[in-house]
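Per-chain residue numbering starts at 1, and chain names A, B, C and D are given in the order in which the chains are listed.
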Amino acid sequence: MIVICKSSAIESQIKAIEAEIGKHGLQVHRSDGVAHTILGVVGDRSGVDPQSFATMPGVREVLQVSTPFKLASREFHPDDTVVYVGDVKVGGTELAVMAGPCAVEGVEQIETTAQFVSSHGARILRGGAFKPRTSPYSFQGLGEEGLKMMRSAADELNLAVVTEVMTIDQIPLVSKYADLLQVGARNMQNFPLLTELGKANKPIFLKRGLSATIKDWLMSAEYILSSGNAQVILCERGIRTFETATRNTLDLSAVPVVKQLSHLPIIVDPSHGVGDRRYIAAMARAAVAAGADGIMVEVHPDPARALSDGPQSLTFEQFAALINRCRIIGTTLGRRIPKGTDR
Amino acid sequence: MIVICKSSAIESQIKAIEAEIGKHGLQVHRSDGVAHTILGVVGDRSGVDPQSFATMPGVREVLQVSTPFKLASREFHPDDTVVYVGDVKVGGTELAVMAGPCAVEGVEQIETTAQFVSSHGARILRGGAFKPRTSPYSFQGLGEEGLKMMRSAADELNLAVVTEVMTIDQIPLVSKYADLLQVGARNMQNFPLLTELGKANKPIFLKRGLSATIKDWLMSAEYILSSGNAQVILCERGIRTFETATRNTLDLSAVPVVKQLSHLPIIVDPSHGVGDRRYIAAMARAAVAAGADGIMVEVHPDPARALSDGPQSLTFEQFAALINRCRIIGTTLGRRIPKGTDR
Amino acid sequence: MIVICKSSAIESQIKAIEAEIGKHGLQVHRSDGVAHTILGVVGDRSGVDPQSFATMPGVREVLQVSTPFKLASREFHPDDTVVYVGDVKVGGTELAVMAGPCAVEGVEQIETTAQFVSSHGARILRGGAFKPRTSPYSFQGLGEEGLKMMRSAADELNLAVVTEVMTIDQIPLVSKYADLLQVGARNMQNFPLLTELGKANKPIFLKRGLSATIKDWLMSAEYILSSGNAQVILCERGIRTFETATRNTLDLSAVPVVKQLSHLPIIVDPSHGVGDRRYIAAMARAAVAAGADGIMVEVHPDPARALSDGPQSLTFEQFAALINRCRIIGTTLGRRIPKGTDR
Amino acid sequence: MIVICKSSAIESQIKAIEAEIGKHGLQVHRSDGVAHTILGVVGDRSGVDPQSFATMPGVREVLQVSTPFKLASREFHPDDTVVYVGDVKVGGTELAVMAGPCAVEGVEQIETTAQFVSSHGARILRGGAFKPRTSPYSFQGLGEEGLKMMRSAADELNLAVVTEVMTIDQIPLVSKYADLLQVGARNMQNFPLLTELGKANKPIFLKRGLSATIKDWLMSAEYILSSGNAQVILCERGIRTFETATRNTLDLSAVPVVKQLSHLPIIVDPSHGVGDRRYIAAMARAAVAAGADGIMVEVHPDPARALSDGPQSLTFEQFAALINRCRIIGTTLGRRIPKGTDR
């Protein structure tokens, strides 16, 4: 923590600030500059709100130094973390492709989709069974029935399954069927849920909140890590800005920034990021080029009839074309997408 | 729903769009303009994603018409709703003053604060017992002990109590002690929590999410209302923007906009909105002048020693001066703050 | 400037950073903390980009300390600045009311409006003659003819005139007719224009850019001040956020923040801030309550027929009611609106 | 234009709205839905503010239909536009690489840089001679001397030159030396400048404003096109959001959106977009993968000593590595970067 004094601060004010810091058991290093006196604060700050000093007389501003997250930081853990999702490694050489419908709608829909995406190299099947919908009047998902359908479709093709868990009491149920537990963007700061997921024995897929800074997001990862679960994958899916041409603004710069600040793998979900099928392939390719550890895309056999998010679901043909390009782009960064399974 | 065709759309495309709409059991009214053909869609749209048609050939854009929220809308319920919090009416002539510390820290702190704010006209005591903190390493609140202290302090002064409930399973516990259940900004789209609060027999205090549009927010209120609880108070507490001089950007225009769109009462919380004691009184006065039904402010006997949010807590003196000004401003809109209780 | 080293920084890296700083003629104060070494940098930094050190090995981040603006800062100039607009003082006890149509459309329109607003206490007439319109196909203003009409209408009533100047070569022309030269939001960082206005002998009305932080805005004021013109009035008129219920988000917290950081007067323009007549009065009242030095509002004798910004123009009746309330609110802060002139 | 009536609108209100529309010489098509009456408005709307009807009794909202830009729209001009910059084609098969220092600082700096970037395939040299700086105290550029140095360095290598023009009166001067005239982000809505550039006989490089929607940006292009200059290249360079880990948020989804809405070429400038050398290569690769027509990057022989934007300038080595990867990524979209020149 660094306290910067006003240029107009008088000696008695500075002394009072130093005394106040001392009361919290912290040490002060003072530097008198031409324009400002600067107080460097050293010691264990846990329990001290660094802003507590901000409004003392003579204080101009208080700057926080220590990274607020520890376990999630690359300083703490220099090597990349590889997370196992079933037997799929996320964060290594292989690029993870997570694909499937927004919501599980029925056996045929999920099986057809699973077969197609698997045949093109996807190894993780996505699909919603519990859907967080902005309107209480929208389709809310098939619940456990949907989970069963997804698990069954995945097992036939040796795929892993990722799906959302919305509440603490859903954790055991969803864990029974899924290999990767998704925290949706709206729950990114649902701290009790994060804490419980820290005790789950499945890896966690943590979507970035619509208004979360990258630091907020890593701090939410810290909740999970500090509760005992080291298997966290981050997912960028767009932030809210003034632009209305896209559903959200996909912040691809989060990819290199997260790689700099953290050791956790990062996946990009362009489907929610832009919300319009016409723009998704471009952004998925860009995500791979930016260095993401994989992509999550919504694919539907008949998007016009999807019960949710139809306009942002790729058709099978679009998905196949996308993966072909991503294979080549991945090679420039030493990454590969696995071969598709035979049907 | 309105479908606007491209100027380049050909007759067969338009016919295909009309046919597609018909398949969903909806009726179409067609208008051929000079530049565009416009299709007005009429019928029960529930279960139909209005964006499903957006990517059909010949479609330029799809505009949604019906208000997405019903029970929360003023069209549905033209008269202002008055919510009872204990025996305090919120949304009527009286301006509600909700005041107290960010977090309950101990008996003396909460009692002293309750006495002071009550003596100046506050009739609802605020205080956190379960605290959602960005960092897992920050003070997380006193839990039920805190609730007890708050209830006891309030009862001595005949105050009502508002405090946050973070999870579904906290609802019965918190309901035992509080008169008004707060949903924090980070939980504004925690839909399972909202649905359960719709079954609670206490009024709900719904804070606006950091990246929630006013429509999103009213839609979250709709979750509570449609689950059976008509007693909802909205609380504006700042949105996230690029400005860093304040913690958030307090969107006071939400006050007249909500009054136009909805019948629910709206309170403004400038403490979280700006996050800096030096700016809070100005924004609280502005909130009253804008027509808010009340204010929620953090007050602490010794802000420099507060365990959380110290820099945004008012001192007793600042609080007293603020209320005096708000009384006068309120009169210009026919609103009054109750007299303070004797100590 | 403060350089914070990584916890992993080794001595040779720190020495290299110190050496690099020294090469720029700056002095270093070093503090070795438990987790980090912190280098306080002292000296004349002009010409040195503080971020130059940010990417050296061992550097974690570089924090800038000195306020980037000087002449505009309250540290430099502790007393409030009062700006004379004609013979109207802005920034003193009197609340400035600037009112008039968005664009001057004709003699009768501007005269009728001037008489009405003057009769209710406005002492500065606003109106556009050169209009910056987003579309090249929209009405662009009457140019010099508009200026003449406005000046003439103002002179009859002893009002001052504020109007926008869009280019350097318009400065002499507009200065001939106006008492206060407005820089529009889109020109807030048109630095050549600001520099030239610094040489004008009229006060400047500097609107905040849609995406300008308060610091950016004060830095633009600094351009004018440092070119020799000390008469600058700031105008908050909304920033761009994700919210679409209002045209922009009026950032009223800019009022107390500017009062803290700067000595310059600040006016609020709710008309552009919210863009909808139904919300303007609420926000104008709030601006006065927040401590603004005045308000600027668009008023039109027949808003439905206005050539620009009709939906955000107040009717005469609305304006009159607004001013009556603002008078009372102003008194709570020791401010007054002058009596209206007789017609 | 579409006027949607309130569900509570009565027949006399609807009739009044129809009459008002008729007064503007427009035709109305009425559709009576279950919940709402919808009025489709047809005719020449120029000069009519579509929002004029928004506040009439019985009106719920007014939706605008026609694309606000024409000449810039793909509906108007279905084929991609190719812009000639000197003899370099931008918008065709070849990927444009624009590279060079932020500011021209001297002969040796610009020549060394030009040689290096040319040897790796850049065919357009960038560099600032007139610099728009947020602070009046920062380095403002070398002016005409800088232009001469850049022209001379480019001519030796047969490169084209792009540089910024900040004011109308700089147009003839800059046109003497540059092949492509840049409009900076802060001037994107400097309409008098855009109009004059519409009369210039050089192509224009229009950067997106920090708070400009894609529609605003295309409307600014429309100013140039409608003034007679059809040679416009768009440049995405980041928008302002709440995220602070990067200087701005590079909105790469602008690439596919612009390709959908417009026929104009689009270049991405990741240097200003993220402002940190460590993240630029990732974003440049992503831009190519997203389908941009080229990239603009800042390159400096010694970034640590750059007079401006050092931290966001690539070193020579980083630039070379980046181009190698972009070559491969480009091939997946059928795009190529020209071979580098021999030194």
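The rule we apply is simple: a residue touches a chain if its C-beta (ideal position, glycine included) is under 8 Å from a C-beta of that chain, and two chains touch if they have at least 3 such contacts.
Fair warning: this is a prediction, and the values are worked out from it, not measured in the lab.
Same-residue interface: chain A and chain B share over half of the residue numbers found at their contact.
Here the spacing of chain A and chain B, counted between their Cα centres, is 26 Å. In terms of their C-alpha centroids, the spacing between chain B and chain C amounts to 30 Å.
The distance from the centre of chain A to the centre of chain C, with each centre set as the mean of the Cα atoms, comes to 38 Å.
Residue positions of chain C touching 2 or more other chains: 211, 239-242, 244, 278. Taken chain by chain, the contacts link every pair, so each chain touches all the others. Taken together, the chain D residues at the contact with chain C in this complex read 20, 46-47, 49, 51-56, 68-69, 132-137, 139, 166-169, 186-187, 189-193, 195, 209-211, 216, 219, 222-223, 226-227, 239-240, 276-278, 303-311.
Across the interface of their complex, chain D is touched by residues 2, 4, 6-8, 29, 31, 33-36, 38, 40, 42-43, 63, 65-66, 75, 240-242, 244 of chain B. Residue ranges on chain A touching chain D, taken from their complex, read 211, 213-215, 239, 241-246, 249-257, 260-261, 273-274, 278-279, 282-283, 285-291, 325, 328-329, 331-333.
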